[in-house]
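These are the structures in question, set out in turn.
Paired with chain B in one complex and with chain C in the other, chain A is shared by the two complexes that follow.
Presenting the complex of A and B:
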């Protein structure tokens, strides 16, 4: 790789290499405020490479590679290098991480206690967490939350938040433009713009938080709170974990403990303000 | 109708965790997680070290849970035992 950089997000040390300078420059700008630890070996490697050498000049398109090869990953045009890097980082973590149980969930924390928000793409979990992270909460991550098997603690993975479509306008109105990446229009996932988490959230990224609440948000429909049994939460979180099976009994033990210690609720909300209010309400009740 | 006997999994093969209405069972031999509801955990708990038939287990469960051991209890237990065997959690003796 002609160009490369190192990025540490929570416990994961990435090495990212590219045939082009542009994606590396864009990443270095987004992750400029993250702590550097160049001495640590990389946990995951992401490579953005040209399909054939001549394509680099003729019709540049970025392929995603890395420790794990995903054969059907889409080649993306060069302007999408930043998105390709993000997808590569997600894939490397989702497929390769074994030290913690990985939940496809966003999380926020207050007083070292975490609210875990799990849901499919489009559930609004990412936007909700990003909005909470601009208020009295520490954003732990918008995409992945890691559970330490031995302690049961939640660990942060505060990568740059991937804002999609309507969420872009909602967040750009609230934050300093310096915390936003370039607008990536017309990607396979629609319009995307990255948001750098607040400096305090980045500075606290190695601080664990005790899971206190598990929420399954659903954007759309009337405001509703549905208490969920530990068994159903267990089933849903096995589906939301990318490495539950690979962890074997350690994953089983971590997940049974998680759903026993933290109450779970499904929440539906018609708009972000209502969603945030529901989180605050359940938090106040859980704290009692 | 035949009433085959079944044997429980070896001690330490299963890790059983009750989660409200569901019970999660981790099988250390297959590394698989099974999710079951009543009366599966009760049947597993009622199996001793030796082989047990559905009729024997129905009698044990009736004594423990104040059920009517007559009627079709034995047939229901036999059906559940076949399902537990299909999951690999018990084996035909």
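Presenting the complex of A and C:
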């Protein structure tokens, strides 16, 4: 393709091609601090392309393709090319990665032990993980947590965090502006701004962590902690996994082990500070 | 050299995986994925000297294909449990058949829907039994439903409501309106039993069906994979039976499939280096279009040569139905948008 770049996030090496320069420039700026190995063959290919040649210039709209495509996915305007690239990368991992069990979950780690936060979009799992990652936690990722079937360890996928709507103001007040991407206003998912994880989190991205706590956060309502049985956690995580079925028996073994070894809780919180305090409280109890 | 050429050369054994530059793998992996052949390549290169990231990715693919194949065979077992108690005999086709029979092309082969063949007079009962066992209709469009039942060689696709897997129930191997009418009764009555107990087509019919599916029925999408199937089938069967080419000729004549079978053999020779007996190894001026169509993909996995693809698409319809019917069909489809 006309323009391209390579990005490594956790165990996945991406090659991203584009009909336009802009999304590649934006990606290279956002991922400048990530380790680069130009010689490493790519595991996954993302393509950002114009459906018709003239649409490169005339009302340019970015279609998302690659090894795996979603039929009938709507294109994005070129101004949201960075979001298209992010969606393309997520898509390739969600549909193509088989080495690990993928959980649609954020995660943070301390002392090589991980807290996994699983929930739907809007549950606040991204924001909570990003906030914890600015404290004395290592941010492992805001979108995918990878479970290694053989060892049961959690592996990081620390892509740039996708901050949405209210979370943008909350984070911009705390972090160096150099770690923030451009504001993407009015996307189909609302306002979006990317946050580059801290340098130490990127440097540690290949270090596994032992799952110690599984949380299902719910933003809104009074602060609450609800202990959850292993069976319910299991069922919820099968729904949060994009490749549980495809992994067959290995997926079943990895997930049963995960919910048996790590206690699970639902937490509700009215604001971020309370959410973080609940995580710390449960961590202190789990660590005992 | 294009990545797709490199992929074909690797499969044919003309290229040495250890001689590839690390970045050559980008394209090879990309096009192999696009052709649904990455796990096939992974099996082919299981003992090759590869860069570590490639070796790991290919090991992932082999493991994933093993799981997918077990799931596909389980689906065949589910069909057996639905149909056998009613005495409905069926034969596995394509990917599930290759896996059930343990043929070499099944190593890493992706298996999509479950394809089965039943006798034409059993098709209503088969449909009823499957519906009772939890499969349901995918298409609700009355024209499509009518079209399938009136003109096609299979029922409209059914999907299992709990397992989310599709089954295609065939009563022959080409559409009823196709210019060629294979002998469906012979396919069923001469089927053989694979070791695991499932019935599959006999070797010659299996090769005939593979060629018909690739060259007489579709627009050559996924053609490289189908051609690899054909190449492996002929190689395996020829190794077990020196007379297989003669039998294949006779069987292809019975089904009216001599032209597609011979073309498939020539393409397997040209691309995958198949060894053909003297009567088969000829040249045909039209083969070049097929080779171009099969290799129409760039290093990013995108299909190229739109005009040629379109031509093969039109050809597939032209073969499938008589002109007046084609006109009516396209008119109806166009009106419905």
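Operating definition for what follows: the second predicted complex is superposed on the first by the 288 of 288 C-alpha atoms of A that agree within 3 Å, B and C clash if a C-alpha of one lies under 4 Å from a C-alpha of the other, contacts with A are read in each partner's own complex, and residues count from 1 in each chain.
Definition applied: contacts are C-beta pairs under 8 Å (C-beta built on N, C-alpha and C of every residue); 3 or more make two chains touch, one makes a residue touch a chain.
Worth saying up front: this structure is predicted, and the values here are computed from it rather than measured.
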Query = On chain A, do chain B and chain C fit together or clash when superposed?
reply = fit
Task = Quick one: classify A:174 as touching chain B (first), chain C (second), both or neither.
result = neither
Request  = Pick one for A:260: touches chain B only (first), chain C only (second), both, or neither.
outcome  = first
Message = Applying the document's definition of touch, where does A:229 land relative to chain B and chain C: first, second, both, or neither?
response = first
Task = With the two complexes superposed on chain A, say which partner A:248 touches: chain B (first), chain C (second), both, or neither.
result = both
Request  = Can you pull out the angle centred on chain A between the C-alpha centres of chain B and chain C, to the nearest 10°?
outcome  = 60
Chain B versus chain C as contact partner of A:39, first or second or both or neither = second
Request  = Look at A:13 in the shared chain and tell me whether it touches chain B only, chain C only, both, or neither; answer first, second, both or neither.
outcome  = second
Request  = Could you look at A:21 and tell me whether it touches chain B, chain C, both or neither (first, second, both, neither)?
outcome  = neither
Query = Closest pair of CA atoms, one in chain B and one in chain C, after superposing: how far apart in Å?
reply = 5
Note = Note: overlapping chain A surface for chain B and chain C spans 248-249
Ask   = Can you name the residues of chain C that touch chain A in the complex?
value = 22-23, 25-26, 29-30, 33-34, 51, 53-54, 56-57, 60-61, 63-64, 67-68, 70-71, 300-302
Remark   = In their shared complex, chain B is touched by residues of chain A numbered 229-232, 234-235, 238, 244-245, 248-249, 252-253, 256, 259-260
Ask   = In the complex of these two chains, what residues of chain B are touching chain A?
value = 15, 17, 19-24, 26, 28, 31, 33, 35
Ask   = Which residues of chain A touch chain C in their complex?
value = 1, 13, 15, 17, 39-43, 45, 47, 49, 65-67, 96-99, 246-250
